[in-house]
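Contents: one structure, followed by commentary.
Order of writing sets the labels: A, B, C and D. Residues in every chain begin at 1.
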Amino acid sequence: MTSEPILILTTGGTIDKQYFDALSEYQVGESTVGMLLRIGRVAHPFRIEEVLRKDSLELTDDDRALIAARAAAAPESRIVITHGTDTMTDTAGALAAIPGKTMVLTGALAPARFTESDAAFNLGLAFAAAQTCAPGVYIAMSGQVFDGLRVKKDREAGRFVQIE
Amino acid sequence: MTSEPILILTTGGTIDKQYFDALSEYQVGESTVGMLLRIGRVAHPFRIEEVLRKDSLELTDDDRALIAARAAAAPESRIVITHGTDTMTDTAGALAAIPGKTMVLTGALAPARFTESDAAFNLGLAFAAAQTCAPGVYIAMSGQVFDGLRVKKDREAGRFVQIE
Amino acid sequence: MTSEPILILTTGGTIDKQYFDALSEYQVGESTVGMLLRIGRVAHPFRIEEVLRKDSLELTDDDRALIAARAAAAPESRIVITHGTDTMTDTAGALAAIPGKTMVLTGALAPARFTESDAAFNLGLAFAAAQTCAPGVYIAMSGQVFDGLRVKKDREAGRFVQIE
Amino acid sequence: MTSEPILILTTGGTIDKQYFDALSEYQVGESTVGMLLRIGRVAHPFRIEEVLRKDSLELTDDDRALIAARAAAAPESRIVITHGTDTMTDTAGALAAIPGKTMVLTGALAPARFTESDAAFNLGLAFAAAQTCAPGVYIAMSGQVFDGLRVKKDREAGRFVQIE
């Protein structure tokens, strides 16, 4: 088993949504990843790097290029990327050409600050996949580690499903 | 990536500790695994089977033989076992002889019913390891997937560490 | 001390905000009051009646007239009203003419479904005020029971303050 | 309505129970009151004073005398006392002779660190009673503000009930 350090790149998405009373609205806030790893009592070495704070529907091609550039340039070869779920598969495509790195996208359908959020479970799922999978792009959602290039979000059903 | 169903065997431990007011004490209660998988929005096929409801310090050799028998007899070849942390490595030893199955032990240092518990993260970690690892015994704790036969709990530090 | 039953009228507001992944947005959902009273282990007799499911900024004069009519017509003389915080004082004004009833408005600055929400504390505050105060209109927020006609929300500071 | 400051005396009990992994047991830990008031976004002036950290079944007559002495000596005339539930009524008796102060005992049937705890609701209930009630001793539990000298715990039912 590997004990190589894991890099977590945060880009925003529902997982980091906060409620701002002064605006009466929810927006992507500071990343919850540090809090989740502390509560998860993670002793495995890791490093967190904020790339963006966006809803995934607002991500541009330039944003995806930036995420890919950060992943490619990082000294770590095992990377978890927290991301909004709606365009997670597009970003998976943008990462596919990076060689020699295990990259796992994850996020949440309910904000991490909710009592009942899938954020902690999903981050655990992604953390293990980053340690155990061969180089490539993966999506860890809905309790499953998917090939990142053969999966889609079924928005109606609120889950990710494999594409045959 | 596999979409084979996962069996979760529950045996008790801190993860399932409840507070019973009528007794003014904590005891292992009904398993929290179903709740955690629901909150984690797990769509991957799984089945939960309760084996025991014990603190791991109370587990006997017969108990470990029972857990191993259940794992060996199950139709599933990918198994997560929730377990108290104090003797988790002993049970890993008792499972080592079972061939052709990926078995991942996990648990928690704080009860799943706590606001700040490592239970959800750890179960996610174990769930991914069960899908991605080769047959063998693993321990998923402290943010790391360990070889189940080369790890120990450092009780003072509150974490699992690899044995060289 | 009174053991008269308490009526809870729910009208919406931040306290009941949910996140709907399919829409990528937050909206007022089903009331959280029943859940909060269950978690609060409330044995005191109560009845919950849904009046509206609105952000308080969207409430019209007709809406306030409806809330007042429901409060006036109810058999209970002790009433808690969950409400958005931005126009809570306007509704207090609309209730002021109802004689012989103790009416307490409360709500939350963070949705009740958040791990860190003021909803449970505020509802407890309102529940006691409804039992202990003389007939009149009150606002229970920011840890204080205010005269409902002499209080305003300081939106910047995220708290309610008394008006001299 | 009063804006006089509230003193919170903490004495231990289930509300403050923590789980200590190194001991595999629950014990009364540091008080959770400060956390609960922060989450409750309390802007009303208050002061917290730790008196004891005990299960209420372990409280001696000397302990009750100490709690009463602290309440009597405090500059505040509005006091909330967090306390274990099993002997809460005994302490209410020990406070009865203190003149001119509104004293409200509260606690929880489930530890405040649990996701589903009555602690926040109960503390809100007690906080309002301390502001709105005449001098005397009260118990705020089970969603009700009781006369502290005419109430008992029904341990089987998990609730407080009035004594006729």
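Going forward, a residue touches a chain if its C-beta (ideal position, glycine included) is under 8 Å from a C-beta of that chain, and two chains touch if they have at least 3 such contacts.
Because the structure is predicted, anything quoted here is derived from the model rather than measured.
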Report summary line: Overlap of the chain C and chain D neighbour lists contains none
Report task. Would you mind checking which chain's C-alpha centre is most distant from the centre of chain D? Result -> A
Requested in this report: Among C-D, A-C or A-B, find the interface that matches B-D: by residue number, over half of the contact pairs should be common to both.
Outcome: A-C
Requested in this report: Find the geometric centre of each of chain A and chain B from their Cα atoms only, then give the gap between the two centres in Å, rounded to an integer.
Outcome: 25
Query raised in the report: Using CA atom averages as chain centres, what separation in Å is found between chain B and chain C?
Result: 43
Requested in this report: Could you grab the centroid distance between chain A and chain C? Build each centroid from C-alpha atoms only and quote it in angstrom.
Outcome: 38
Report summary line: Going by residue number, chain A touches two or more other chains at 109-110, 115-116, 158
Query raised in the report: What is the shape of the graph in which nodes denote protein chains and edges denote touching chain pairs (line, ring, star, complete, other)?
Result: ring
Report summary line: Which chains touch? The pairs are A-B, A-C, B-D, C-D
Query raised in the report: Where on chain C is chain D touching in the complex?
Result: 1, 3, 36-37, 39-44, 46, 109, 115-118, 120-129, 131-133, 138, 140, 142-147, 157-162
Query raised in the report: Can you list the chain B residues touching chain D in their complex?
Result: 14, 17, 19, 21-22, 24-26, 55, 57, 85-86, 109-111, 113-116, 155-156, 158
